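Labels A, B, C and D are assigned to the chains in the order they are written; within every chain, residues are numbered from 1.
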């Protein structure tokens, strides 16, 4: 079978398509035929090397996939041939708390990912795709969707009527937008593009702020919230945003830290946190249970992932390049 | 000014309309001109006497009201003449935990309520009515709405995609229905009337069960939830329902106890709770902060309270009688 | 190897000692040489038949054991030969939430237990015994100790300075006593024996109430708590206690339901829960993570389990009989 | 009566002793005769000017006091003459969540403090001093003690057996040490003085690290925790500590931010928080309810505040100077 492989730190162009052995699932394992895979910002970082806890070489890239059970090993009880499934992002994080060892099992980084015609997965590390959700849609959820879920509902206990601030229109922000609106929250979103803000509003955003036009956007946020600030910020990073995010949060508010960008400008003083009793919590994807709850919420609320563009398996490197160009709103998917 | 008064335990018919002195607000107090008041099941129990912690005699009846600030006392900073406000149900429960002393300050029971042309209230014990919400609508929220909020979002941490079971179409159930749907949950509701079930569905209920036709409704609930049971039951009481509610809840599920009916048939064995790790929590209305959050959620989600029928101030006793007949779906309101 | 076996519902006397095949650990499995096992009330119920979710026949009895790793199967990474370990009570409950399927894997009931010379266990279903804790001590913890931990610290978030009420001096109560005192709480304990109350005080109990002398002990509790009631009750059951437990709890208090006794007198009205905003939560042992946290707490606080009496492997049935006579304070252990 | 007053930003030496009018308590107010007051780092910052939300001029200094009720105003129900009481730090934060308006009522900063012979306080803004606790002891608790309580037990839900890292031997750290030990935790503490470390150990600290000798102390922490890091850091600030604190915390650990020092070296990258799922939460003293719970915990666990030195009312400026010299371990108190 065909598979892609990262065996250097040289970035996208060094990702290779290779022939790999066709494996058979062992005891407690399942063989999946991959039907779709999606890209996340993390995948660019991994290709360039040095991603914390997830620097295995060689590694099959991409964490987010969906497919069909082709074969089951001995003792497998959760699945049968033909079931529609999706691997979870952190292979060994089933439920409850996470630890260092589990965090080393991130798909497409710490362990082999989904950009291959087939893969072998432990039966515990899969979730069922709900009826009515396509493989392509299911493949957009594992990283960005579960991260948004974890921030808003596991860490943040978002309540209806609260206000959520989202930064930009990347994958996590768009899922957070759809989920926050489904949960009855008010959403303010920022972008440097009026066009992207319009798209966000068509998905339910209550207010959009063009940060290119309003560089002091945290002051604008205060005005829009009667001086109180927002209850939640989903802080996906970028130079200089964190300080403004802290200034946009209400007393007792939550800043969910997700971004992966590290820069001197990203460093902030902790003082504001103390005086405003802020909670700043690092969010890193989530468990299988969170993935399952996220899918249930999508089903009940008929949330359809926003898909920007799809590519074929042979066009995978083009998909990476398109994704890196940041022209998209919503997910970029590779279909097999 | 005119006021109603309960000074016996003889029920509805002994409630009297009286002339009361026109008081002036003291330091930290506000005088409200009442514009609307609504009825709750508790009001029938109080009129008949013996309601725990709330058996003051004489007492001005009804907890739920809305009105306009007519006059402010010294040192008042939160309100000015003309503000649209609503008294909170438990007068001294502003935020945080409640205690025995605070629970004795329930309006229309422990302390004077709202069924009068005007009342004097401490400025801390009022909430602002959101723009766009009428006095009549605001007067439906303090007891039933805040109770539903407390159960689902403070005690239950309801998440989108979870399933909520509601028993009957009384005030708490209808608010719980509107709030749970706004928060992205799946709602199953019971009634003995197909017509009421249809009304509930038009408000968003996903599934309705006629318990007269399905006396073993807990088994039906199991079937509708893939054998798992529901995440939350809002148990508003009634003979024999609690045992079925416990049997309808999932392992680790929540049963929010609200009902005020006490009967031998209501007694249950605790065994099921142990083996299914259920949480059974008593809910009694809520704090001012919960009231404010509930109103914010209604505003963001454009929730309009369901009003069954309105009566004039002079028809207050008729309003009680109509309410006692249980023909209504939604709230019965007295307008001034 | 020798093993005991329950293959009827005829109670203690029908438990048989048998010769069993010596198995070899498979992939991901470990073989343990059992060194000690302890008894719980549940073990009597199981021998008599009909214990919910745990009625497998034949079954090796007892949930609580400790021993040494004799052999490890393929792919085992957590253990090596010679490690001192203890199987967890609910075999498949590692962390996070529990579900119906996991609850069917209770040792010594749903699946084979520890009363045998050796057993095969999945490597995930074991905890390490801390240095300085003997096999005999470690074997007392899995059921009663983890249950007490779950109630006080996972469900109850016990804070120093709070008051805990314990009913009787059984296994769960004694662990709850030691843990609650280690955590800085005030403890009130009941018994029908002044001698047992003295033993409890020597373990740290602040106050003891002889319920035979004070049948209205809930009133006594109110006096001892300035009229407020206690923050937590660990309700281990027995006829008629639950109603008094509810009456002993403070407004907003927690009643942790653990008892396995079901009787008409055990049924209670839920009204008190509503008006006092009580949380009544069913507790059923706990996860591996809770077991590990409990052992860490014992180590830091130098908690030594209270052991009443030990028996040899050959005397196992006598150990059951002694345990059934209820003369003990602390655990009854079988040593191999 | 005599009072001290801050009416400039010129620091300690500009604090003046003045004659102030003897006031009478109004409705709902109480007059307290101050018996003791204690110093906190915040008091130095306020004297120098520019302390966020608490820059009122003139202002009576110091937040922490204890005294006797001399006189009660109309409608006061909570207190009578002769009661032993202590004002709460944030005058208007009684229970539940805090907001911007309440945070402006910090004693000795936003509103008048306790360094006077008497003061007028709303009856809601006082706590009772437990029997057996002296005025001097009670006066050490309101800022540092409540802050430590808030961090460990309200924000952190500290469980017995967890590990807590404390930085230095200032007021918050010493209270955190006493409370954490009372709650069954393991405590590691740092200092640049071996003598202070010995004092900390005599108060119960399990391990001490001299950070002058081990500048890379976060690595030492890892070794002492089997590579896992600590569950809680009480981060009281100081140049460059925050980054090491983040590196000392376990995956999913809590860093309670308390420090008031702002320096470029204090700025940190948020990346570590993301990858280790850390919770960094700003803690600012606490509510009256927390103050009451802290006092209950001290009583049950017989915690005696560590008092370094006492001064007379006339020596108040000397007390400030001694405190500023940082030679103390424990609290510096002014007695009247």
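Everything that follows uses one rule, which is that a residue touches a chain if its C-beta (ideal position, glycine included) is under 8 Å from a C-beta of that chain, and two chains touch if they have at least 3 such contacts.
Not measured: the values here are computed from a predicted model.
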Going by the contact rule set out at the top, which chains touch both chain C and chain D?
A, B
Can you grab the rotation angle between chain A and chain B? Superpose on CA, round to the nearest 5°.
180
Chain centre separation (chain B, chain D; CA means) in Å
41
Which residues of chain B are in contact with two or more other chains?
97
Within the complex, which stretch of chain B touches chain A?
153, 157, 159-162, 179, 182-186, 206, 293-301
For the chain A and chain D complex, residues of the former touching the latter:
52-53, 97-100, 103, 228, 235, 242, 251-252, 257-260, 262, 266-284
Which residues of chain A touch chain C in the complex?
26-28, 94-97, 287, 289
